[in-house]
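The next part holds the structures, each set out as structure tokens.
You will see chain A twice below: alongside chain B first, and alongside chain C after that.
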Partner chain A sequence: MQRIGVFVCHCGTNIAATVDVKAVAEALGREPGVIVSQDYQYMCSESGQNLVKNAIKEHKLTGVVVCSCSPRMHENTFRNAAASAGLNPYLVEIANIREQCSWIHKDIASATEKAIILGKAAVAKVHLNAPLTAGESPVVKRALVIGGGIAGIQTALDIAEAGFDVDIVEKKPTIGGKMAQIDKTFPTLDCAACILTPKMVEASQNEHITIHSYSEVADVKGFVGNFTVTIKKKARFVDETKCTGCGLCTEKCPMKKVPNEFNMGFDNRSAIYIPFAQAVPKVATIDPNNCMMMKTGKCGVCSKVCSAGAIDYKQEDRLIEQQYGAIVVATGFEPIKLDKYDEFAYNQCPDVVTSLELERLMNAAGPNGGTLLRPSDKTHPHKIVFVQCVGSRCDDSKGKPYCSKICCMYTAKHAMLIREKYPDTEVYVFYIDVRTPGKNFDEFYRRAVEQYNVHYIKGMVGKVTPRSDGKIDVQASDLLANEQLHIDADMVVLAAAIEPDKTARPLATMLTTQMDTNDFFTEAHPKLRPVESATAGIFLSGACQGPKDIPETVAQASAAAAKAIVLLVKNSITCNPCVAHSDELMCNGCSSCEKVCPYGAITYIDKEFKMPDRTIAVRRVASVNPAVCQGCGACTVACPSGAMDLNGFSNSQIIAEVDAICK
Partner chain B sequence: MQEAMINKAKQLLADGVVDRVIGWKRGEFAYDITPAVFTSAEELDESFVYDDFTAANVSKYLVKESRKDGKVLAFLKPCDTYSFNQLVKEHRVVRENVYIVGIPGGPKLDAEKIKAKGITGILSVKNENYTLKIETVYGEESMPFYEAVLDKCASCKSKKHVIYDELMGEEGDVLDSNRFDMVEKLENMTAQERYDFWREQLSKCIRCNACRNVCPACTCEKCVFDNPDSGIENKAPADSFEENMFHIIRAFHVAGRCTDCGECSRVCPQNIPLHLLNRKFIKDINAFYGEYQAGEDAVSRAPLNEYKQNDCEANIVHERGVE
Partner chain C sequence: MQVNENKEFQPLIVAFCCNWCSYAGADLAGTNRLNYPDNIKIIRVPCSCRVNPMFILRAFQRGADGVILCGCHPGDCHYTSGNYFTRRRMTLLFSMLDFLGIERDRTRVEWVSAAEGAKFAATMNEFTEAVKKLGPNRRLEDLRCRKQ
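What follows is the complex of A and B.
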């Protein structure tokens, strides 16, 4: 006979304001097998837990139902309480009457009715609960960082500092990311390359760090502590181990008309190229779409001039497999495409540029050697208009609903740098709001306005029209003066919104992590677990989780590293005992479960069975590796015969819950 | 054809290629041709039958036959090869223990359609130039061949054998069939009309389990309907809910694995068009995940057992569920 205790939590007024907790406790007290049913103001408090513990001892309870908040919040609390009172922790069930009841309902009568039904379902389930024992699984002491921008580099450096091996996978030929393309950084105006490149070099020289550049994550299997990752090393047609980065091949390559991605297409590179002078690894890469040897089989100049013999036109993509205990995602961001913004004439006029393009135009390593010239006619611009919030804070389908966060500050930086270097240039900034929360940020913006006389105008630009005389007509409204403006500008700079890198979504699927509607990775808790994903062992670093500037990115990168280190220092982690198992007498050996298992936990064995007619038959049956199974339950629903079942969430338990709800 | 098949079987038995033959023999009436196992030339001569009523798919019998010692010869029609291939994919048959001879398929005849013409007491049926000469206890009758063709053959999906060791006769092609016409008609009904249609059909069910027993996709070691732990075992069609749920559960269980062989409807003594439930699943799978024919090969992943990034999202249910 079951002896079940029910404990209904008020959660202050969180539950008690909408649910009549006394009525719930009373109703559930009448359920079969329930011998004690109580309510209390805060069940998770020390005294609330003692209530549970004492009841277990006093009434010799065989099962506990706690009607409270989501099991994500306090399931562990009550499991531990039960364990300390001598009850197997898996004989505790939580009925979520807060998130799934009191918080979403207003009417007390119906919310109470629903809370009682949810409680009855939990009681029905706990009747069928069996005691479970958790095993342990070892932790692989190696971390993977996906993305080699400043976020990934910082995370990798910190993990390596703690003494763990860490691999960086970067899809581009060099690490460095977006920061490598930036000219100066706010609010201190120090040179981005000067602070980034030492970190890149440090990463490449650290004995614990392996950089897989020009590589992508092809597949992820396994679980926290035990991920198996397949990395695709794309063919760069240059042997990384032989190339010295001398650059002779890039000089001699006859194909020099390839738009240079690093300089946003403002100048050209050769078909064999090193993205920029400080690239890490400093190794050449052949772009097979433009290389004459690759396209026509005629040329081979680079292989002739390469004294190291590093050129290999026959190189193929290579897959390598590696085990990791923790994975940090640092896939970063991209500015949005401005195809849908015809009103700003971005596609029509070369002198309308994005802010990231302006970074290259102003950079000493950029196309003009650091002199700001109009892309169209290489003349000095004397009047520049900046447009903020292009695609940010948009409520239409063209843009993004969120604030891209970094644009106000980099626009102030651009305006200030231009006024400093070219005082004869007039600079206008059109804004909705200027958002400058951050240490020394507002002071920085005020300097742009007060010291550098940048014209900040509250209002949006309506239309940008290139004129035949080379000027650009900018039509805008000044909301404070309430007047329409026409500015004949020489250049227009658009602060394009930023969005997560396109590779992030397929990666999220591989990692079984969650994303929000904007494809930013979702953190496990927006306030209390900001650098962990909801999937154990997967951590988030930098702008892949939301728009961030460099200081914030670096802070979060180090935080993610700390969380990864916390995992890596452990020798083993406690496994989830709620794993699948197969009833071999019912198993057809059809492989349906094996095919849907995302963790590769199911294998097949040929086993001898004594059949009812006393013969012996060899049958193919499924076998679950409990150390690998994560208890997702996909196999239980794929199994045609119902042979697969899940500990703690058995088919009969779930049906019992449904029956209790539908009764 | 029957003669050639008997000779082929005898030869393979004599050469020691196979130890047994699975074919068909006559039942109580001329038109109920039943699968049977033969072990000698004499048995074959005596009772092996292959005629216009030989519609039964023997693939499912091979689940048990292929696990016995020795090798079994199976004559498979094109539609049967799809069922067999699907069973290979699910590791339900031992491929090495089966020698498959592909034979030309239908169209096969439906005795019910002859009876529906008021022709009863059938003794024998001969096909003379696509006119059926029917000898009955009351005298001779005749009717056009194509008016007596089985529904499943009238909407034949393929004349091609997808797996075999040897072929008799010419190989055919995958056909452009009209098999989804009726499903479309049902889809275009209002929910109430559709409900009424299925209530009328399913209320005829006597829960004889023939559909399940004949279905080549229903090969579980222990069927959920026979399993006391499943909570749905041995339910009688005592109320409309049970009548509905048995067939709907079955359709879900074979979804993505049903090759549309049509045996369920063929054997139903109450003439319930059960295959329409399966065809609805097949049509939806084709629409949601791309064209897929279960049993077409023995290795590919079935859409319902595979995740692809461009799979439809779950909200498709809401989008399509609205009237």
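What follows is the complex of A and C.
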């Protein structure tokens, strides 16, 4: 006979305001098998948990139902409480009467009725719960970091410092990411390269870190503690181990008219190139789309001048396979394409640039050696207009619904740097709101306005029209003065929204992690587990999870590293016991389940059965590897004989819930 | 469910929600206090592909007036491919129900991500309205199962 305890939580007034918790406790107390039914103000608090623990001991409970918030919130809390009172943690069920009842309904009578039905369903289910014991699986003591920007570098350095091997996979020929392209950083105005490049060198020299540059993740298999990842090392046609990075080949290469991606296309590079002087690894890469030798088979200059003999035109993409215990995603962001914003004349006028392009134009290692010149005629601009929120906070399909977060601050930085260096230049900033939450951020913005006399105008720019005299007509509205403005600008800078890198979505599919509608990775809990994904063993670092500035990115990177280390220090981890299992007496070995299993967890074994006539028959039956099974349940439905069932969500349990609800 | 002369028909609707996307979406609807009718009773399953067509028939047999199945968007399944199985299985089940003369609007498969609280609430409002229009499920309900 089952002895079930029901515990109804008030959650302060979150539940109690719309659900009559006493009535719920009373009604559930009358359910068969329920021998104790109590309500309490905060069931998740220590005294609330003690109430549950004491009841388990006192009444020798065989099952517990907690009517409270979502099981995604506190299921583990109550399972742990049950375990500490000596009850198998999987004999606890949660009825969600907060998120799915009290918070969405207003009428007390009907909300109470619904809460009782949800409670009854949970009681019906817990009657059929079986004690489950979690198995263990070993942890591979190696981490993979996907993305080699500041987030990836910081994560890798922190994990390496704890003594674990880390691999960084970076799709570009060098690590460094977006931060390497940035000129100065707010709010301190220190040089980005000066703080980033030492970290890049540190990563390359650390004995625990292996950098796979110019590589991509091709496939991910496995599960927490034991991922098998296939990394595609793209052919760079240069032997990484031989190249010394002397750069002679890049000087001698006859094909010098390739737009330089690192300088946002403002100058040219050669077909064989090193992205920038501080690149790590400092190894040349041949761009096969522009190399004469690759296209026509005639040239070979680089191989002739290379004294190390590193050039290999016949190199092919290489796949390497490696085991990892933890994976950290640090794929970062990209500014959005501005094709849909014709009103800002970005495609028509070379003097309309994005903020990232302005970073390169102002950078000492940029195309103009640090002098700010108009891209069109290389003259000094005297009037610059900044347009904020280009594609951010959009309510149409053209842009992004979210705030890109970093634009207000970097625009204040740009404006300040320009006013500092060229006091004769007038700077206008058109904004919707100026958002500067952050340490020393508002002070920084106010300095731009008060000390540097940057003209901040609340209003949106309606149209940007390039004129024949080289000036750009900026038509805008000043919302505070309620007037239309025309500004003859020399340059227009657009603060383009940022979006997750294009590689993020296919990667999320490989990793089976969640993404939101904007393609940012979803964290396991928005407040309490911000650096873990909902998939065990996958951690999130930097702007792949949401727009972030550098200090926040670094903080999250270190947090992700800490979480990965917590996993890697363990020799083994407990598996999810809610896995499929096959009733061998019913299984006829038809292979239906094996075909639908996405993890390859089902194999077939020949098993001996004692037949009624005392003979022994050998039959082929399905066998589930509990360490590989993730518990989706696809096989349970595919099984024609009903032999497959899922622990924790068994056929009988779900049917009991259906029956309880439909009664 | 009962139909009183002066009271509007209140359908009983069972919603199966996958743990990773739709159940989280339902939680998000709750967190954002987005109202939807109390006719909806949610059952949590690990993945939409855990829902055996038998469960849906069982719900109808026991007197449910509508059944909705929510999963992750195609391509976003936590278990990689579970919702594709769901899509195929439910296409078959629904065509069978159609053959049996069960109105198409009593059943639905909807993809709701963990970020789509608003979509979850809107879908549930819409679905409840659609089932209300159809009236009680008389064809599949087994009167022997009805509680006296």
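Keep in mind that, in the parts below, the second predicted complex is superposed on the first by the 612 of 663 C-alpha atoms of A that agree within 3 Å, B and C clash if a C-alpha of one lies under 4 Å from a C-alpha of the other, contacts with A are read in each partner's own complex, and residues count from 1 in each chain.
The rule is short, and it goes like this: a contact is a pair of C-beta atoms (placed from the backbone, for glycine too) under 8 Å apart; a residue touches a chain by one contact, two chains touch by 3 or more.
Bear in mind the structure is a predicted one, so any value in this text is a computation, not a measurement.
Look at A:L118: by the touch rule set out above, it reaches chain C but stays clear of chain B. Judged by the touch definition given at the top, the superposed model places A:S572 against neither chain B nor chain C. With both structures placed on the common chain, the touch criterion links A:V637 to chain C but leaves chain B unconnected. When the two complexes are overlaid on their common chain A, residue A:S652 makes contact with chain B while staying clear of chain C.
Of the two partner chains placed by the overlay, only chain C lies in contact with A:A534; chain B stays clear of it. In the superposition on chain A, A:T379 contacts neither chain B nor chain C. Counting residues of chain A touched by each partner, chain B versus chain C, the larger count belongs to C. Contact with both chain B and chain C is seen for A:V596 once the two complexes are overlaid on the shared chain.
After overlaying the two complexes on the shared chain, residue contacts for A:T509 are found with chain B and with chain C alike.
Overlap of the chain B and chain C interfaces on chain A comprises residues 509, 596, 598, 638, 655. On chain B, the positions that touch chain A within their shared complex are 67, 89-92, 219-224, 227, 229-231, 253-254, 257, 301-302, 304-307, 309.
The touching residues of chain A, when paired with chain B in their complex, are 506, 509, 585-592, 595-596, 598, 604, 617, 619-620, 638, 640-643, 652, 655. Put simply, chain A touches chain C in their complex at residues 70-72, 96, 98-101, 103-107, 110-111, 113-114, 117-118, 121, 508-509, 512, 514-517, 522, 534-535, 578, 596, 598, 630-634, 636-638, 646, 649, 651, 654-655, 657-659, 661-663. Note for the complex: chain C touches chain A at residues 12, 14, 19-21, 23-24, 26-27, 29-31, 33-36, 38, 41-47, 49-55, 58-59, 62-64, 72, 75-82, 85, 89, 113-116, 121, 147.
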